[in-house]
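Each of the next two complexes has chain A plus one other chain: chain B in the first, chain C in the second.
On to the complex of A and B.
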């Protein structure tokens, strides 16, 4: 019987799942992914986490609770860094330790550290360590790793072209092309992937915007080269992977003539967002009069409040559009 | 050029000595105060961590007194502190303050010369040897100040007359601002420490011992911590804290520049609970809590500013340490809304608990 590996549908899932999926399947493991976020998953997470944790971290715990009794291993790598010279968030680095103390009755956790900050080759090293849970054959692990990276890059490239991959597709969206003409409003939706693509957490913001005829552009749809070109203009390098991408893509999109508004989605109490959102906002305010709002998500966010704010925002966007013509 | 720098507990004494030695003109911002915090809150992002907000307040207050350039340290993550310098620059720029920044960035394997190039910039013409000497003096002063603080921790818990230690220390803080030059500063520190040792003490008492752990700013800075160490001291508790200014200077800056092996005992101790450096002082928090417990301390107080990422991780893990080592832990979270009364009540209740545990342990014997 193949070993069952549990992957919480949370945090890094929204960015790295294609990588994990291919790798573990090549290792002959059976994947168990927790279900889409529900009220129960949220409640379970809130219950076992310290109050001060941000919503995404609480949710992560809920997703672990959802699958922990059904798997042989939980895959919670210690994600220190996934890109050279950059970190993710201190909480990603401490995630396996938090889960271990906050939840009981856990299966074995595969908590290999992934740290590419100094050296990209460390990712193969991490893959070997993970692979050895399933096989002794180094060659098998290496080829699984290669395939997984290939698969991940393909998904990423397609995403930049506007094709939202199946594993995170929110709402009814089929595909979105950046800044296209037929939808009449172009709205940048900036935020962490686990906020932008989890429709429970963001209260269906995606669908809500599409119903208002908005064409949504996310960070993942911006060409990474353009992101880097823009991010390099900052006097000091942003050392968070997400921070570079958020600020870089915002700067890039600001230069595109047909952007109509920016929505920043942040988690209540998120340390990284508190700085990154501010950096993005300053860049918008300094150079444009683009409508900009911040939507803050926490476990108490109400849908009615969101609706009202989106309504007002879209009105403002439209008003500004007609004014320009 | 008139330099200024944000406060971090008593760090101003060492920085002052450095700038005196280098012959640079500077303004020390007013000690942390309500107004500084208000200015900071008004100008900073709502969810920024508290130290950033106070830094902003310090800088603006110093600017109003005539400072035109900020000296600040940088960093490379993962926690927010490493980006403070940029955030502060952006905030002040947009708020219309015409103030320059000199950032001493965390050395990443760069040479000594490069590291001090920022310092060279402000000292026009002083040679590198003089700078090295100033740095040496500064480090020594940072260490002396920390030893002095440690002495107050001890004296408070055993002083015969409540308030004696506080009064000596208060005088010290007022006076030291006015004393210039490394040698005079050193001399005044040693005089003060003499005064402290002369305080009349109760003999034969064994005070409760509490280790203070957590985020560096709130553990070190008495304004943001509501005077945590003095408060506990005046309840008859001897406190200790491992994270200090000199420790930070020596371990995080000097040893990195000179490629010296760092003291990582705390990391070893923390390993079974937090297996890696995740930023801030989370590993120190866990490791030091364990080491305090092994040294027979009665309790641990963790303190950190709301939304502090590394300490939230540490807080989640501390219950396991509490359990395995049988040592009570109190977590205090500080933000601009924290009320002093509620804070004090929790602290008092904690000390009561520790006293009861001691009594129970004694009667069991």
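On to the complex of A and C.
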């Protein structure tokens, strides 16, 4: 019987799942992914997680609780850095320890450190360590790793062309996305992947915007070369992977004449967002006249508050569009 | 009038009063706004359902066409709306904190045994306001109790509270926004002369209180409804009698999935009129084939 590897549908899932999936399947493991976020998962997470953590980290705990009794291994890598010269949120590095101390009755956790800050080749080293849980054959691990990276890159490239991959598609959106000329409104939705694509956490912001005939563009739909080109114009390098992407993609989109507004989605209490959101806002206010709004997501944010803000925002965007004509 | 947490009853009373005041006239259009806008729209049969931010902006512009800043403080929430070249340029609404709203003042006034209507005049009598921490309604209260025990005059404490609320409002909502004149101050709290004085002091600018300051949202919704009905379409308005029918709302937990949504159902004489509050749309889209809550 193949070993069952559990992956929480949370945090890095929204970015790296194609990589994990291909790799573990090539290793002959069976994947168990927790279900889409529900109130129960949220409640479970909030109950066991430390109080000071942000909502996404609490949710991660809930997703672990959802699958922990159904798997042989839990895959919670210690993510320190996923790109050369950059860090990610430090909580990602502490996840395996947080989960271990907060939840009981856990299966074995695969918590290999992944740190590409100094050297990209460290990812192969990490893959070998993970692979040895399943096989002794180094060649098998290497080929699985290659295939996984290939698959990840393909998904990422397609995403940049506007094709939202199945594993994170929020709602029914299936068509290719881009800045459409004939579409009513083009709205950039900037934020962490785990907020933007988890429709429970963001209270169906996609459906709400699409019902108002808005076409949504996210960071992942912007060509990474364009992101980097724009991010390099900043006076100082942003040392967060997400920060570079958020600011770079926002700067790129601001130059597109079809963009009608920017919505920044942030988690309450997020350290990185508190910097990056401000950077993005300043860029927008100083260089353009575009409508901009920050939506803060938290455990107790009511849906009515979001509805009012979105409605008013779309009213504002449309009011300005008709005024220009 | 205050809803007192019972919007249906308040709406019924309001409509009854209106019917008595207006006599036999034809209603050509109706609009609803505010946090109870969906509920109210089902009961009265509204032609437009508009969020309060847009409604406030439309109303303010109608009274003062060149308005640039709207400060609005109501019972439960507060907003700032910035207009540029005659269109809404930016807005913000208070998040979960109630320290910048009318309910904060209400609570502190009742603690000091001052009727809320006289609250402002107490503030105006003070010449050395006491510094009160306005960051949080709970902390402000303990701060205030402490200042009372120290022996400060009530007038000075009240003025300090007004300043604390204004400080909190400006820090929270107006952060980074350019507050240009003309500035309109609307919402129920605009009746409080102490707050207005504190705003003018903090901003160093003149604050205008429009004639219908306490019903600007409703005024805006009416204007939007009027604009729509000018295209001479038939109104959805059900008439005053319909509003006086027996309505009741109740909530229940849907057991369809582990989201356990709290679904709100609106009944009239045991007939289900509308439901909302579900994430998936299973219940809200079931009636009349249209979701009642703008999603």
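Keep in mind that, in the parts below, the second predicted complex is superposed on the first by the 323 of 325 C-alpha atoms of A that agree within 3 Å, B and C clash if a C-alpha of one lies under 4 Å from a C-alpha of the other, contacts with A are read in each partner's own complex, and residues count from 1 in each chain.
In this text, a residue touches a chain if its C-beta (ideal position, glycine included) is under 8 Å from a C-beta of that chain, and two chains touch if they have at least 3 such contacts.
These numbers were taken from a predicted model, which means no experiment stands behind them.
Partners chain B and chain C fit side by side in the overlay (superposition on chain A). Once the two complexes are overlaid on the shared chain, A:89 sits against chain B while remaining clear of chain C. When the two structures are aligned on the shared chain, A:74 is found in touch with neither chain B nor chain C. Of the two partner chains, chain B is the only one that A:277 touches; chain C does not reach it. Figure note: vertex chain A, arms to chain B and chain C, all at CA centres after fitting on chain A; angle 80 degrees, rounded to a multiple of 10.
Shared-chain residue A:5: touches no atom of chain B or chain C.
Look at A:130: by the touch rule set out above, it reaches neither chain B nor chain C.
Once the two complexes are overlaid on the shared chain, A:217 sits clear of chain B and of chain C alike. More residues of chain A lie in contact with B than with the other chain of the pair chain B and chain C. For the overlaid pair of complexes, the smallest distance between C-alpha atoms of chain B and those of chain C rounds to 6 Å. With the contact threshold set out at the top, residues 285 of chain A are in contact with chain B in one structure and with chain C in the other. Residues of chain A that touch chain C in their complex: 38-41, 200, 203-204, 207-208, 211-212, 281, 285, 289, 291-293, 296, 298, 300-301, 304-305, 307-309, 311-312, 315-316, 319-320, 323.
Interface residues of chain B, counted against chain A in their complex, comprise 45-49, 74, 76-80, 82-83, 85-87, 89-90, 94, 103, 273-280, 282, 306-310, 312-317, 319-320, 333. Remark: chain C residues 35, 50-54, 85-91, 93, 95-96, 176, 257-261, 279, 293-295 touch chain A in the complex. Within the complex formed with chain B, the residues of chain A that make contact are 49-50, 52-54, 57, 78, 80, 85-91, 93-94, 96-98, 100-102, 111, 113, 234-236, 238-240, 266, 268-275, 277-279, 282, 285-286.
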